[in-house]
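Next up: some structures, all given as structure tokens.
What follows is subunit A paired twice: with subunit B in the first complex and subunit C in the second.
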Partner chain A sequence: MSETIVLTKDVPAAAAAPDDAAAPRRRLGPVFWVAAGWLALIVLAAALADLLPLSRPGDLGDAMPGAGPSAGHLLGTDDLGRDLLSRVIYGARVSLIVGFASIAVGLAVGGVLGLLAGYFRGWVDAVITAAANVLLAFPALVLGLAVVTFLGPSLPHVTLAISLLAIGPLTLMVRGATLMFSEREFVLASRLVGARTHRTVLREVLPNVVPSALSLGLVSVANAMVAEGGLSFLGLSVRPPDPTWGNMIAEGSAVLERTPAVALWPAVAMFLTVLSLNYVGDRLRGRFDVKEGAL
Partner chain B sequence: MTAAEESPLLRVTDLTTHFRTDRGLMRAVDGVSFTLERGRTLGVVGESGSGKTVLSRSVMGLLPRGDVVRGGTVQYAGEDISALDEDGLRRLWGREIAMVFQDPMTSLNPVVRIGRQITEHLRLHTGASRADARAKAAALLKSVGIPEPERRLREYPHQLSGGMRQRVMIAVALATGPRLLLADEPTTALDVTVQAQILDLLRAQQRQRDMAMILVTHDLGVVAGRTDEVAVMYAGRVVERAPTRTLFTNMRMPYTEALVRSIPRIADPGHTRLAAIPGRPPDMTRPPAGCRFAPRCAYARDKCRAEQPPLRESGEPGHTFACWYPVGTPEGAAALERNRKEAS
Partner chain C sequence: MLRLALKKLAILVPVALAVSVLTFLLMNLLPGDPAYTILGSRATPQSVAELTARLHLDEPVWTRYSSWLGGVLTGDLGQSYLNYQPASSLIGHALPVTLELLVLSQVIALALAVPLGVYSARHPRGWVDRIASTVSFGTLAMPPYMLGVLLVSVFSVGLKALPATGFTPFGDDPGLNLRSMVLPSLTLALGSLAVYVRLLRTEMISTLQQDFVTVARAKGLPGRAVLWRHTVRPSMFSLVTAVGINLGSLIGGAFVVEYIFALPGVGALTLNSIFQRDYLVVQACVLVVAVGYVLVNLLVDLLYPIIDPRVRHV
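Let's look at the complex of A and B:
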């Protein structure tokens, strides 16, 4: 008798549990909005840098070199007396442009290749998958270094080098999603009402692949920014005196004992941006998965 | 054109579809022939793995990728369509021949609104303007029994129930007025209460439009009263074919009899044991030498295990079957009797 009582008591609790578990998956949550807010702030600041009441990033000014935060220089100054806040914001431009542009190129190229491989399969798939795997097999930084060293350090060249790194994983991901959706009956149904192949791929398969490709894209932007930082640290991206987060950290590392702030602030900015991108991308991916699961 | 008018809408002759697999040649469809006249309905019945889905896809010219060996011909309105490539078939698909699939959950694109899924198809084939196509789509949805069609057009598939989605799929299939509709297990994925509605809808539309239909199902109850003729498939072959009424009253093939017996009856007393068919369908990479149903058949004698029975006439119009010891004949009764004695 006592057992049955325990059982009936447990039922409502057990029934309520799945709802509780499902709720946070559907909501994006406050951390998501903090992360998204940080990204919006960085993008806005970088875009509107020229309009902000900042000194130019290369401006030596009359400030004390290596000074701490003050009303005129919110993050203090570096060893040459340049405003750190200004340099972090102008540096964000390079990181953001390289990050988003290289992934945009990667998504465009990887998206086309992945769709072709996943939809047509056969030898097309074999060739594309092999090529993507070859790209993946190179150690990322070495490939980036090789390309930039060969072409010369500049914004377009760094973007190109990093987009090369991004094509491999994005191709494979889009291929996988395409394979999955091509098997669905709505694709067959589209062929059966007489739609041509390009129409079927673009209108039936592509819209289903886009959400997951975009959320992986966001995570890839974070990786691209880290890669740019690495190249920049090695002096293979935009060259000083134009600031990038990578070359600021490189400069700061030389004076780490005297003025740690020089390396600290760009590092913090990069850390938060990469973390936010990863978090936002991850949450969005989770959300799209839920949507699919509910179908 | 006169030749096309005279010939039946669909004539399938000795159709075979074999797949090369790691375990050998898999005979999914193995020499099937039938004809279908305009405006008629054919039920294709068989258990899972009998080749009925591969048959309907072979008729459509939709063969799965991979190593496929195909043979025989499919003539649509006098034209051999089994030799056409996808460009040639595209002319027929949608306009002349349409298909309704088993699972309405996966046969609509989840990220495209219902309206676009119907109108795009309409505009592709008729060149109608956006507004015209939309009006026609709403009318179509109404004709397949969807209330508030205007609102539904703006919705996404996940906002509709399974039955509603299957209605939408039927609307898509009917949009361009095909002359042949292939419905491959159209109600298997639906609730029992919705199944009858969808089947009646298909039947009504088929009659109204004078459209021929092939209804593929594993459920004899589905074809009863909704088809003109029934073909029973077993292990890649048609083993019995008859006008629907004849099939139910005067079946000859023991497999058909077993299928009919396995339908639970509401009039049976409680706790009546379901007459299941013992065993499983054969491995189609190594089909039995004789009759393919022999290993599971209560009538089977040595001859059945050695020699494949040909399709022959029963004497009643349009009734053919493949069996050495048919149900309801003295030979059949004798074979059954001897098997009973030998077993005891």
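Let's look at the complex of A and C:
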């Protein structure tokens, strides 16, 4: 999660690089669409996995263990003879579900807390910021490990642990954006015409905070997937034989000499997915960053 | 300076307390009767009764918390259920390994990041800059468990140049020790490297546009002095912050790296205790790591005024 913060610092400066200053609204560029295309592909494949002509991820079948790519097994088989393509696609389900669900929870909780802290200031702000800082006072993976250890490894618990990690940074980000917009004329105007607080917050502040929260959210999804992979790798998420990218890499690392493909394909899938999420999130943030556009 | 340090320390105390409360509550997350869950298959009526008494599970939460905190403050972090060793001595043996790993990785990362970042900032959009930023963006998508397995497959399985697992204490044989630390620290270093290069480059480019840099040039200082004294030094400010912020993912990374390379550090101790359901040791490790993390962040805060005199009077 901590990388998110560093990225935030980095992006506005990148967007303000000399040759970009001329074009106020940059085109998203071909790489953006390639990245978005990959994300669409992996989401579709994971969603429709049951309808695709794939063997089940746990099927031992009659294939040669550790075989290379063939017509029946496009990515080959692992050392037990299970189809790697099918395992990578079913593994994507866990990564995607945990990634998006935990950030959805994180955005919902962090969004409300951030709006409250940024709009009302005072003791509300002090309490919420302090709580967020305590959450941030645990190294991410260690807090995740601890929560999953004591609750027991399962999909909901992993999602819960990772959303807990996401709440801190998302709260602080939404709080920062809210602080900034609460000072703007249109919010003041809304207050002056006597709009109720909830109307001002929901109709004036919230819509302005949403775009940057969502684009940071995409980068956070990438971080959440990486965190889930780490827990899986350590055997503390969905357990084998059910495939996840993390536990496939762990299985593969034991048979690197015989069948490197077992670790290779889930690693490639995760690399491309995280890279695409980071790229898409970065680009969208560059585009939605109101500060850059207005000044 | 002293006032700043005291102020930061005053913030540290409530944070450390809150961390200890959260850590203490972890044990209460255990489903059902914690004594049964902790003992698992080892549960006999006698052992359950003994553990309930030892953990004071029959007392209210706040009494238990205050006596636990009292123990922690006097260095008693509890005992392992497997071998009855005190958690503090287990952690004491493991900590030097983790610290060596963290320090080595940061030395490697900074040794590579500073020249790369400075060169990229001096020649923006040159080929070094382009390659560095592409590779950085790539390594951001490679968590330690992916990088570690990749390095093992290249250097241990492929080239057979470096050991994949095994650890020799530094005191026994420094040479062998460093050899066994190369791949683990490289794994961690590559993760931080990307963050540091990107950050230093961005920061240097904006510092180079500052008035005081122009003044330094105008008064005829040699280029090297302008670069290192007037540009790199103020840019180090955010690099130090980044090292502090990065520490969280670094510690998580160290856990994974110790697991991959079988290093007997705090991460391996925590994970082994998790697998063996030795919950009191897990709790002790989480507390030590979290408090250590808070302390290092404090240290980073205190380093700012030394690097950047402008924040001395804030």
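We adopt the following convention: the second predicted complex is superposed on the first by the 265 of 295 C-alpha atoms of A that agree within 3 Å, B and C clash if a C-alpha of one lies under 4 Å from a C-alpha of the other, contacts with A are read in each partner's own complex, and residues count from 1 in each chain.
Operating definition for what follows: a residue touches a chain if its C-beta (ideal position, glycine included) is under 8 Å from a C-beta of that chain, and two chains touch if they have at least 3 such contacts.
What you see is a predicted model; the values in this text were computed from it and never measured.
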Practice problem: May I ask you to name which of subunit B and subunit C touches more residues of subunit A? | Solution: C
Practice problem: Report for A:Thr149: first if it touches subunit B alone, second if subunit C alone, otherwise both or neither. | Solution: second
Practice problem: Have a look at where A:Gly37 lands relative to subunit B and subunit C in the superposition and call it first, second, both or neither. | Solution: neither
Exercise. May I ask you to decide whether A:Leu192 touches subunit B, subunit C, both, or neither, giving the answer as first, second, both or neither?
Key: first
Quiz prompt | First (subunit B), second (subunit C), both or neither touched by A:Leu275 | solution = second
Quiz item: Which partner does A:Arg121 reach: the first (subunit B), the second (subunit C), both, or neither?
Solution: first
Exercise. In the overlay, answer first, second, both or neither for which of subunit B and subunit C A:Ser253 touches.
Key: second
Exercise. Considering only the touch criterion stated at the top, classify A:Gly68 as touching first (subunit B), second (subunit C), both, or neither.
Key: neither
Quiz item: Taking the two structures together, which residues of subunit A meet both subunit B and subunit C?
Solution: none
Quiz prompt | subunit C-touching residues of subunit A, taken from the complex the two chains share | solution = 1-3, 5-6, 9-10, 13-14, 17, 130, 133-134, 136-143, 145-147, 149-152, 222, 226, 229-230, 233-236, 246, 249-250, 252-253, 256-257, 260, 263, 267, 270-272, 274-275, 278-279
Quiz item: Of all residues in subunit A, which touch subunit B in the complex?
Solution: 121-122, 184-186, 188-196, 203-204, 207-208, 292, 294-295
Self-check item: Residue ranges of subunit C in contact with subunit A within the complex
Solution: 14-15, 18-19, 22-23, 26-27, 29-31, 124, 137-138, 140-146, 149-150, 152-153, 157, 195, 198-199, 202, 205-206, 238, 242, 245-253, 255-256, 259-260, 270-271, 274-275, 279, 282, 286, 289-290, 293-294, 297
Exercise. Within their complex, state which residues of subunit B touch subunit A.
Key: 60, 62, 65, 86, 90-91, 93-95, 98-99, 101-103, 105-112, 120-121, 124-125, 157-158, 169, 172-173, 175-176
